[in-house]
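Labels A, B and C are assigned to the chains in the order they are written; within every chain, residues are numbered from 1.
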Amino acid sequence: MPVLLPPDRAPTLHDLLAAANTAGLDTEILGASQAGSIPISGLGSLSGAGPAEISFLANPKLHEELLACKAAAVIMTAEAYQELCTIRQAPGYTVVLCSQPYLMYALLAQWFDRHRLAGLPAGIHPSAVIDPTARLGQQVSVGPHCVIEAGASIGDGTRLGPACIVGAGSRLGKDCLLHARVTLYHGVAVGDRAILHSGVVLGADGFGFAPDPRQSSGAWAKIAQIGGVRLGDDVEIGANTTVDRGAIEDTVIGNGVKLDNQIMVAHNVVIGEHTAMAACVGIAGSTHIGRRCTIGGASMISGHLVLGDDVHVSGGTAITSNVSRPGRYTGVYPYDSHVQWQRNAAVVSQLAQLRKRVRALEKSGPATPQ
Amino acid sequence: MPVLLPPDRAPTLHDLLAAANTAGLDTEILGASQAGSIPISGLGSLSGAGPAEISFLANPKLHEELLACKAAAVIMTAEAYQELCTIRQAPGYTVVLCSQPYLMYALLAQWFDRHRLAGLPAGIHPSAVIDPTARLGQQVSVGPHCVIEAGASIGDGTRLGPACIVGAGSRLGKDCLLHARVTLYHGVAVGDRAILHSGVVLGADGFGFAPDPRQSSGAWAKIAQIGGVRLGDDVEIGANTTVDRGAIEDTVIGNGVKLDNQIMVAHNVVIGEHTAMAACVGIAGSTHIGRRCTIGGASMISGHLVLGDDVHVSGGTAITSNVSRPGRYTGVYPYDSHVQWQRNAAVVSQLAQLRKRVRALEKSGPATPQ
Amino acid sequence: MPVLLPPDRAPTLHDLLAAANTAGLDTEILGASQAGSIPISGLGSLSGAGPAEISFLANPKLHEELLACKAAAVIMTAEAYQELCTIRQAPGYTVVLCSQPYLMYALLAQWFDRHRLAGLPAGIHPSAVIDPTARLGQQVSVGPHCVIEAGASIGDGTRLGPACIVGAGSRLGKDCLLHARVTLYHGVAVGDRAILHSGVVLGADGFGFAPDPRQSSGAWAKIAQIGGVRLGDDVEIGANTTVDRGAIEDTVIGNGVKLDNQIMVAHNVVIGEHTAMAACVGIAGSTHIGRRCTIGGASMISGHLVLGDDVHVSGGTAITSNVSRPGRYTGVYPYDSHVQWQRNAAVVSQLAQLRKRVRALEKSGPATPQ
């Protein structure tokens, strides 16, 4: 979507609101119209924003921060503004009404960040090693020490930070942003507008071995992983996350999927559109995860499972069987002081026995009240 | 082991079976002998294989997929074939009998992948930085932007992908394959035929600190890690896995060990031969793990423990004490709907008390039936 | 602190003790003074040290190893020595008394390692790509294939291993050591004497998305992360650990913090001074952790929490609420043989019901003893 901010000066509040309205939001400045001509240097939190910055109220409970806020302007809903009026008559900042302040904050942050990104060097750095059979689109940037192997293709407007590697025959769509040190093995296909962070590895071998009785006791024969990895459009993948290539068929990540850092996606996993996973999640091989799921940090999902659409897994949870119904699922042992934990954990290994004892008490009949 | 596939054309079914028999498998084509002359373009799953591909039946329950399979040939056991015959008289594909279809699939996948690997560029890329005191064997490949430091040695036939780093004095055996961006610190020794994936780091410092009362309250003095890392032969290590160097003595990984992605092996851990670990496992310092163990994904093993041979740990399990007996060990809190989990987890912090209450009920004697 | 070891020959025991005393330790050689002139080639464990090495007794229980030790000298406390005398009259090694043998071992290991580090090549490697606006201090080393972007600054005496990347405007203090392949995004500030290991990524985007009803169902709008990352002095960060940049304000890591490998620090986390975390820990966004905490391996800490000073979390524990009181906290489901685990885990999902049943038994009154 086009952004109509001035390229050569700090945007004014009016510029920002016009851009937001163009992007489909409905915004309005309250009060004196000259407030709109204030140049805005950036975004700040309610407590941290300075007098040339814009802030936002996403959580309506932040009364104190709101009253003390020193920003030039604060974005809030009409409801929040009405509540503010009951407390304080004239805030020191300009109020911007918007029914979706959090989304507007997201767009503003993108625009201010785009100013920075626009300053990145363009073009192909001479230290990059690019195979003559690789195809590069229009306005592609390739940073220092990148390697683009035979038959790879890079879509228009895609930018590679320093030291990225694109394996043989792999394909990046349009307008992707690869930060420094992203690795694509051979046979990896990435859609448009992907954002891949440093240390991401797409297409390493899945973990497949067959017991090999021809060798010494316990030896394994490697199952070469001849599938690939396919990412849809608008996928973002965090730092040091790994997505393995499929054993025979591909590992598939749907449109709009967002993966945080240090996530492990094993071979032949399929992740549905717009599913988001927090950091340190591990998904074992061949598991299919539905659309619009959210997976909390450090969760693990066993292999060969099916999770339906709109499944929400709390952090630290081990999912060990299929989940067909939407909803929230949880499973972490509650922490306690170490001494209390010791007392209670000792009972865990006797739970079946404890249940038996309760059953025995029940069978012996209700006690006679004295 | 020698592979007798033709280098210049797609192998026929006969070629593949001859190679498998040479490799020690016992295979047989059923039916018309001209089936053996079909050129085979690759491998496919039962449901995905096309008419020029070969497939296999590893799981005898896949009746439906087997009946609908469109492959040129399917590898299966004689038992599975007999069962197939009771259902269907003449499948559309050639049947290949083999007592170990999964192992044969592993070998076939290797051979088809080797065709691809054979296409990799050989030789030393001019952008690699190689210290004059490093020793490189015969037929070594070094990719773009690699760094090989002083005194390092690389065995015959070993290939380094782009941007690998081999620290001072480190040693790689023969016929190793380092994918892009593998890092060996100084003093790391790797055996023959290792496969190391992108982002692997061998030999970073173990996590060792001594409380330092000479400094401000709570400060730590670093314990320099002066041990190394030693890997046996036939080790494979997955993407972004880290193996730390020893504090004084070495961290040791035995022959044939297979580590998946994002595993953490701390200093002075010892892992026995042919042990395999799924992704996201963490092993704390000085723990010794036996031979032929399997460790499920996202398990964690505390430090200074001893696990014997043939110990199998389920995914997500925290091993916090020695395990001397072979067998399978498990320990994850079972997940549930969030509401159910809340109800049950609340009782966990009262388990010791609950057991007391049951004991009190028992002590008060069996109830009199009414 | 100055180290007074001879640069050109192996130090003698006297040299080492003099250096230790200068560093603030109180050490003493027992017995014949000529023992002090033995050249010491390195450090060894009690069981592994050879006759030219020095060892130490940190754990007073190691009687057997102590008696069989073949080192030239062993560092121990006076108490340990007295106990040794009750067992054995004349050990074959020289005894060095020190009230803090573990700290002395730490310093010795640093010194022996410094000999090695002193051998690293200095200066700027010609393959490094350094923006002309970057500022490099005195005696800075930059390894092969490094990239230093516009406006970055590197303090005096800081050394970058091969293939490090310092993003635009980022700042490294004095005497830092970056091992191979460390990545700093733009806007990252690191204090003095940091040690950063291979695969570390500082400043990747925090995981921030707003639901975007303008797009298709379930789509997310990216919240650009415009904060930075700030590290204090004397921070060490292990291999493949990631510290994300803040959403608006910075992610902050205090002086003397030690992070092991594969740790994930999310956006806007604040970690207090001298806190140490073992490998594979995940800390979700905006959580504040106090000073002098220790976090065990594979623990996860939820977002928006506050942990006070001197909180110690056992490995594998999920911290899901604020922890204000110092002490040790634990929460892992105890492992068991798989069969036993199955029996007990089945009861976990009935715990609330089990408690009800016990309550019912209690309400029915104490049973009449027969």
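The rule is short, and it goes like this: contacts are C-beta pairs under 8 Å (C-beta built on N, C-alpha and C of every residue); 3 or more make two chains touch, one makes a residue touch a chain.
Chain labels with UniProt names: A, B, C = UDP-3-O-acylglucosamine N-acyltransferase.
This one's a predicted model, so the numbers in the text were calculated from it and none came from an experiment.
Taken as a contact graph, with one node per protein chain and an edge wherever two chains touch, the assembly is complete, since every chain touches every other chain. Counting the residue numbers that touch the partner chain, chain A and chain B have less than half of them in common.
One rotation lays the C-alpha atoms of chain B on chain C, and its angle is 120 degrees to the nearest 5. Here the spacing of chain A and chain B, counted between their Cα centres, is 27 Å.
Counting only residues that touch two or more partner chains, chain B has 127, 145, 163, 181, 199, 240, 262, 280, 332-334, 336, 345-346, 348, 350-351, 354, 358, 361, 364, 366-368. Remark: chain B residues 23-25, 42-45, 48, 100, 102-103, 105-107, 109-110, 112-114, 116, 119-120, 125, 127, 143-145, 161-163, 179-181, 195, 197-199, 234, 236, 238-240, 256, 258, 260-262, 273-274, 276, 278-280, 291-292, 297-298, 315-316, 332-338, 341-342, 345-346, 348-352, 354-355, 358, 361-362, 364, 366-370 touch chain A in the complex. Of all residues in chain A, those touching chain B in their complex are 127, 129, 145, 147, 163, 165, 167-168, 181, 183, 185-186, 199, 201, 204-205, 207-226, 240, 242, 244, 247-249, 262, 264, 266, 280, 282, 284, 300, 302, 313-314, 317-320, 327-334, 336, 340, 343-344, 346-348, 350-351, 354, 357-358, 361, 364-368.
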